[in-house]
Each structure stands twice: as structure tokens, then as C-alpha cells.
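Quick notes on the structure that follows.
Here the chain labels run A, B and C in written order, and each chain numbers its own residues starting at 1.
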Amino acid sequence: MGKYLSIAGISIKNSLVYRASVTGRVVFYFVFIFVFFSLWSMIYSGNEIAGYSLVQMIWYVCMTELVVFCSGSEIFGRMNHEVKSGEIAYRLLRPWNYIFMQFADMLGSMAFSASVFTVMAVLLGFVFAGPIQGFNPASVPLIVISFVLSITMNFFICMSLGLLAFYFEENSPFYFIYQKLLFVFGMLLPIEFLPIWTQGILRYLPFSLITWGPARMVVNFSYEYAFEIIPMQAAWCVFSVLLAMFVFSRGVRKVNVHGG
Amino acid sequence: MFTEVKTHLKLILKYFTFNLSALTEYRTSFLVQVFGMALNNASFAFFWWVLFDRLGTGIGGYGFTDVMFLWAVASTGFGLSHVFFANANRISGMIITGELDTYLLQPKNPLINSISARMSVTAWGDVIYGIVLMALIKASGMMWVMFGISIFTAALLITSIAVAGHSLTFYFGNMEAVGRTLWEFTITFSIYPETIFKGPVKALIMTAVPIGFITHVPLRLVRNFSWGTLLLLFGVTLAYALFAFILYMKGLRKYESGNLIVTRM
Amino acid sequence: MAAIVLENLSKTYRVKVRGEGLKNAIKSLVRPDYREVEAVRNISFSVNEGEMLAFIGPNGAGKSTTIKMLTGILHPTGGSMNVLGYNPVKDRRRLSYNIGAVFGQKSQLSFHLPPVDSFRLLSSVYEIEKSAYESRLKRLADLLELNEFLDTPVRKLSLGQRVRCEFAASLLHAPKILFLDEPTIGLDVVVKHRIRDLIIKLNKEENTTVFLTSHDAGDVENLCRRAIVIDHGTVALDMPVKKLKYDYLNKKVVSLKLNESAGIPEPPGVELIKKTPYAVKFSVDTRIAPISKILAMLDAGNIADITIEEPPMEDIIEAIYMGKREGG
């Protein structure tokens, strides 16, 4: 455990070096929220749409974007690069579990930006929308758990997709498709906007659970909802870790075959 | 001056055919990536379709077809930019790593030479998607005419904005993130109805960073054509391209060829 | 006639400075510090047309910076240069038709395509006429023996084959000056020799001026008559390679294998390095004891094998600095 902590520590420091990249992303986050604020303000006129008020809708986008900006999706590119360039072979020589090493590294590099983005998200929510009516501070711990699970499962899914580079010359389409599924099934629009029959399926799939899951918990909290969503997220988390381990161990064997 | 332009147009074309022949070496991956990009764009169309369907009315005077026209121009324009000038978005990287050296050794303008040296595979997906989208929304004749014109002005504007943003690396050290962010704004702003932007933002995208001329002005021309607006579109496009070019060439004097090292003390 | 003239050429970089630790990392986020680094300071020399010059020095001495200024890639902060009558700063493009460069680690070839495709592209970048291009390519392909892999994608070529292609790429437009920055780095002996032969041939047949930086003493000795040693951005030495060899290459290391155990004579200038019953290794300072004299002293009948080596370039350069520091 100690070595993973120290990896995370080093990554925190390194992440501070990339001032421009954090600043750039913060600005982009702001602009994104701004565009959606503009869009929703234009659309709403004191009404509710699909059960969401304007205030809830803006907070919703702030929250789903928070997940997306914090989720360390660049792990896909990194895996892809390490497999294709063969760098992964060197990493294997080190005395650690490769997958968890990467996870520790992501947590470390994320720590700084995640705190910045969380502050940003809350701040922009208040500036653009104001407080959410009926928000219960007691719900915060469950919301945090839900966010952590979201980010974790997204990380391991992206990692698995990146590791598909072991098997495919071109693995980016998988990543694209995954990103788009996140996008259409919860990131920009709550799934309540979609036809009823799709909602029944979507609430059990990872795409909506990553974005819609925690965001809806923020804007419209209820214990029944939290106790339905969090176990589902936890289950997908376990699945995604196992998936990453499976793809990795099978892939590494392939490297050895090619290497000979 | 005229021969200079001609020589460099020839060079761009040469790189185009060269890169195209490289693509055919990897036909499967080419097709897969093109498909991926088209799918990416289609997911936005899905978003708008769901939204318009749920609302049952227009948004700020825009209908579904209008937004899809914005999308078609943005997609094909962006695609063309990255088919011809994929390296425009890598300028900062080329400055930082010293990759620019190779182009500075050659007897061509380093900006034109370096940005046209690479072609993005996925960009073909964007090019095709825009055209397919136009067909799917059963675009009117006027829409097709404006589409035909504005994909080129859009491509030039998108490229120029990337060049201008990344050129800042010459002046202030690594501005890769800024360049990329600017480029993402460019895309983000051009795919939403103009009417949702107000005040200073609207002023900004119509002046200093002329994102509004990529898709919004062409849509205005579709709805309400005037020669003046069309001339303005051409004028702004050329002026901004020139501005980006000069910013780059002035910055080049400060180029340090991979020597921008951070030292520890 | 001088092909290259430098007068008081200087280059200063502005480098971001950051201290160790988290606190300084945060500080550099907010307000970065800069420090000036003088990579090249007031260097002056000239190179004649058709000359082959070795430009040597330790890493970070300013070699690459100088080459990049001479080729128009970097703009100097002071002084003046003239390359083939052009000012590289102002006439970069006109100059580039007349110069070629092989930079050890940088490639001009498209990784996924056969070299011949990259060559054709370069021929249009340099606006070489089709017939001229074809005859030039044929000549270079014969000279560098590229014919068997001209149509193989670059990614499938060996390092040696790739470097030969890089040379061909830089020579397509028949440059008058060839700048070489560590051209033989990482190559095996056979390829090194082939590359050296090519350079010599080009120099003889086309009177190409060669400006070479290398860590390989063999490159320097076999190719160049004159060497300039640069250190900390200034010219430390400018002398014929022969004299460099005499002054700094005055040590030879002799290894003997003996039939029967025996000692060796140890006149002044000879220093024993290692001795086992059937092998002896010693160094000879040729200024004090000419190597022929030492060999004459040995019992030829008892020698099973003999090798005489010269110390590597690194040692020579080190010796130069030691000498300079002691002297100054």
C-alpha cells in the first residue's frame, strides 16, 4: 500500500507543474457550463421540463461535467501509448501491480485538479443557478461516495479500453463509442428526457450510472434513490476492475508471444 | 507574392496526396476511425433531437434543421481543417520538442510547411458526416450553396484560431493547453444557436476570436442573404488568417528549438 | 574561399527555474522565475569551402546551438554569421536550398511509408526537377546501397538502413554544405565506415563542405583535418586534427600476449597498467618514447599477439580541459 501512496504523492507534485493544463481545463469547464447556462436559460421560462427546474438543470450539468473533468480519462491515451510503444514491458519489471499503480498515479494527479473543479462546480452552481431548494447537507457523504464510485469505474473502463491496444491496431473507436454513450445517456441530458422504456434499462448501465447517477443525487436527493444507485455503482466498479485485470493479464501474455 | 502563394498551394496539395497515399496503407483503421468520428457527431444530433422533441418548440428562434446546419458546417469545416492542416493543433508541441527544426531546414514557409505535413484520419469522418447530415435534413438549395461556401471559410478560420492560440507558445512558453482549449471553445461555440449568447460573449465571438463567423454568420446568410454579409464573411476570414500568420512569424524569431527546459536548482 | 564565417556569435536562452519541493512547485505556478543561460558566447571562426571540420566538445557545450544558428533554425542574440554569402537569419529559405543536415535523432522520413515516397515529397519541397531528381536518387542509392529497401516502409528498416536513408534525404538537393550532428551515433562499425566513405566521396567529388559534430574519435580522425573544440560556449581550441592527436593523443595503450612469462623494459614514458604471467598491458607516452623505439626493445620472438590502441575521444576532450584548467 505504501508504494502506491508514494506514487500518488509524486503525481500530486507533478500535476502542480502543469499549471497551464489545469488552468486551461478550468477555463474550459467554465465555458462549458456557461454555454449550457445560456442554452437552458433560453429554453426555460419558469416551467419544469422532465421533472427538472432551471436551477436543478444547471446544477445537473455542473455535476456531470465535474465527473467528466475529474475522471482521468487520459488513462485511455496513456495505456494506448504504453502498449503500442512497448513501454509497458519496462513497467512490468517493477515490483507493483501495474493496474493499481496506474490508479494510484491517477488519484495523485487528480487530487489537485479535482479539488479545484469541485470548488468551481459548486461556485458556478451558486453563481449561475443559486441554491438548490430542499438540499439536505446530511446527504453529502452519500453523494461523495457516489462520485468516488463514478470516477473509479470510469477510470477502469477507460483503462480496459486503452489496453485493448494489445488486441487491436485501432482501439480508439471503442473509446469514442464509450465516450458518446456517456454523453448521450446522462451527461448533457438527464435520462428522464428520454423515452420511459429506455430509462428502465439505462439506470442499470454504467454510462448513466457514471454521470446521471451522482448528479441526480445532488439535484434531487432521496434515500431510496441513493440506496438503489450506490450498490449498482459499486457492483459496476468491481466489474470494471476485474475487466481491466483480465484484459491486462491476457494482453501481457500476447506481448511475450510477439516478443519472441 | 503571387508565385509565393502558388508555390505554397502546390506544397499543400503535394502533402495532401502524399498523406492520402499513407492512409491507404492502413485502410481498415482509416475506415474504423472515420466511422468513430461520424458516430461521435451523431450523438450530438441525438441530443438535439431528444431536446427539440421534448420541448416541442424552437429554441431562440432556431429549429432542429437550423441547428443541424450549424453542425454540418462545423463538422465539415473542422474536418477539412484537419485533413489539410492537422498539425495546426500540434504547433505548441512542435515548438517545445524542437520538431519544427526539420521544417526550418527546408526552403518553404515553416508555418505552411509544418501544419500541412500531417493529415488527421478521423477528420475524414467529420467531412463526410457534415455532408451526410445535410442530405438527411433535406437541406434547401440555399443551405447547400451556403454550405459549399462556408465549409472553406470555416476551415480557414478554425485553422487560423488554432495557429493564433498555439503561436503564444513562442511568446510565453508552453501554451499547448491554451491552444487546445481555444480550439475546443471554437468547436463548442460554433455548434450552439447564436441567440443563446448575449452581451460581451457575443461581442467576443464576433470580433477578437471570430468563432461566430464559422457557422453563425453562414446560417444568417441562409435565412436572410445579403452580399454585404457575404463580403464581411470573406473579409473577416482572410483578415484573421493574416493575423494568425503574422503572429506566428513574429513569434518564430523567439524560437528556441527544444531548449525550453525547466531546470531544477 | 570561406563557406562559413562567424563573428562574435552569441546565443542566450531564457530558462524557467524551479526549486525543489511542493512549496516551490506552487510558487512557480504563480510566478515563475527565469534565468539567462549563455549557450554560445562570442565565438568566431571560419570554414573554407570544401573543408571538413570537426566541431567537438562535451554535451551542452553549445555545439547544437551553433549548428542551429548556422542553419537558420535559431536566431542569435549577438554577433554575425555568413553562410555561403547568406545571412541565415534573413535568407533562411534561400540558404536552405544550399545546405543539408543530418541531426542524429531527428527524422525527415515518414515512418509508415517507404523512403522513396519521402524522397519524392522532399523533391517537391526543394522543387527539384523530375529528371534531376531521378538521376540524383539513382546516384545516392548506388552510393549508399539503398536499392534493396527503397520500397520498404521505414518502420521495417534497421537503424543503419534508416540512417543511410536520412543521408540520402539530406543530399537529394545536392547541398554545398552538409551539417552533421552526431550522424553515426548508435551505428555498428560497418555502417559507420560506409557513412564515412560516403562523406569522403561527396567531399572529393562535389567539394561539399562538411561541418561535423561527433563523439566518435574515429569520425573526427578519419574525416577531418581541422578540429574546433568548444566548451562552455566558447572556442577552447582550433587546430589541425594531426596536432590535436600529437598534443592530446600522445598516449598509446599496448597489450601483449606472451609465449613465455617475461617482464618488459620500462624506460621513461612507459607505464605498466596490468601484468599477468602471459599478458602485459602498458601505456606509452609517444612524446617521450616513440612507439617504434619501444617495440624494438621487446623480444619479438616471445610475442604471441600485440594490439596498439588509441584512447577514446572522451578521454582526449577531458585531457584538453584538464590541461586548460591547469594552465589557466
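The rule is short, and it goes like this: contacts are C-beta pairs under 8 Å (C-beta built on N, C-alpha and C of every residue); 3 or more make two chains touch, one makes a residue touch a chain.
Since the structure is predicted, the reported quantities are computational estimates derived from the model, not experimental observations.
Engineer: Going by C-alpha centroids, which chain is farthest from chain B? Tell me that one.
Structural biologist: That would be chain C.
Engineer: Report the most central chain, judged by the distance from each chain's C-alpha mean to the global C-alpha mean.
Structural biologist: When every chain is reduced to its C-alpha mean, the one closest to the whole-protein mean is B.
Engineer: Provide the C-alpha centroid distance between chain A and chain C, rounded to the nearest whole angstrom.
Structural biologist: 51
Engineer: Roughly how many whole angstrom separate the Cα centroids of chain A and chain B?
Structural biologist: 28
Engineer: Compute the distance, rounded to whole Å, between the mean C-alpha positions of chain B and chain C.
Structural biologist: 43
Engineer: Among the residues of chain C, which are close enough to touch at least two other chains?
Structural biologist: Within chain C, residues 18 contact more than one other chain.
Engineer: Name the residues of chain B that each touch 2 or more other chains.
Structural biologist: 26, 262 - these are the residues of chain B that touch more than one other chain.
Engineer: Two-or-more-chain contact residues of chain A, please, as numbers and ranges.
Structural biologist: Answer for chain A, listing residues that touch two or more other chains: 17.
Engineer: Provide the residue numbers of chain B that touch chain C in the complex, in ascending order.
Structural biologist: Checking each residue of chain B against chain C gives 7, 10-11, 14-15, 18, 21-22, 25-26, 98-102, 104-109, 113, 173, 253-257, 259-265.
Engineer: Spell out the part of chain B that touches chain A in their complex, as residue ranges.
Structural biologist: 26, 28-29, 32-33, 35-37, 39-40, 42-44, 46-47, 50-51, 54-55, 59-60, 122, 174-178, 180-181, 184-185, 188-189, 192-193, 195-198, 201, 262
Engineer: Which residues of chain C touch chain B in their complex?
Structural biologist: Result: residues 13, 15-20, 32, 35, 39, 65, 68, 71-75, 92-94, 96-97, 99, 101, 103, 106-108, 110, 112-113, 117, 120-122, 124-127, 153 of chain C touch chain B.
Engineer: Hey, which residues of chain A end up touching chain B in the complex?
Structural biologist: Residue positions touching the partner: 17-18, 20-21, 23-25, 27-28, 31-32, 34-35, 38-39, 41-43, 49-50, 169-170, 172-173, 176-177, 179-180, 183-184, 188-189, 193-194.
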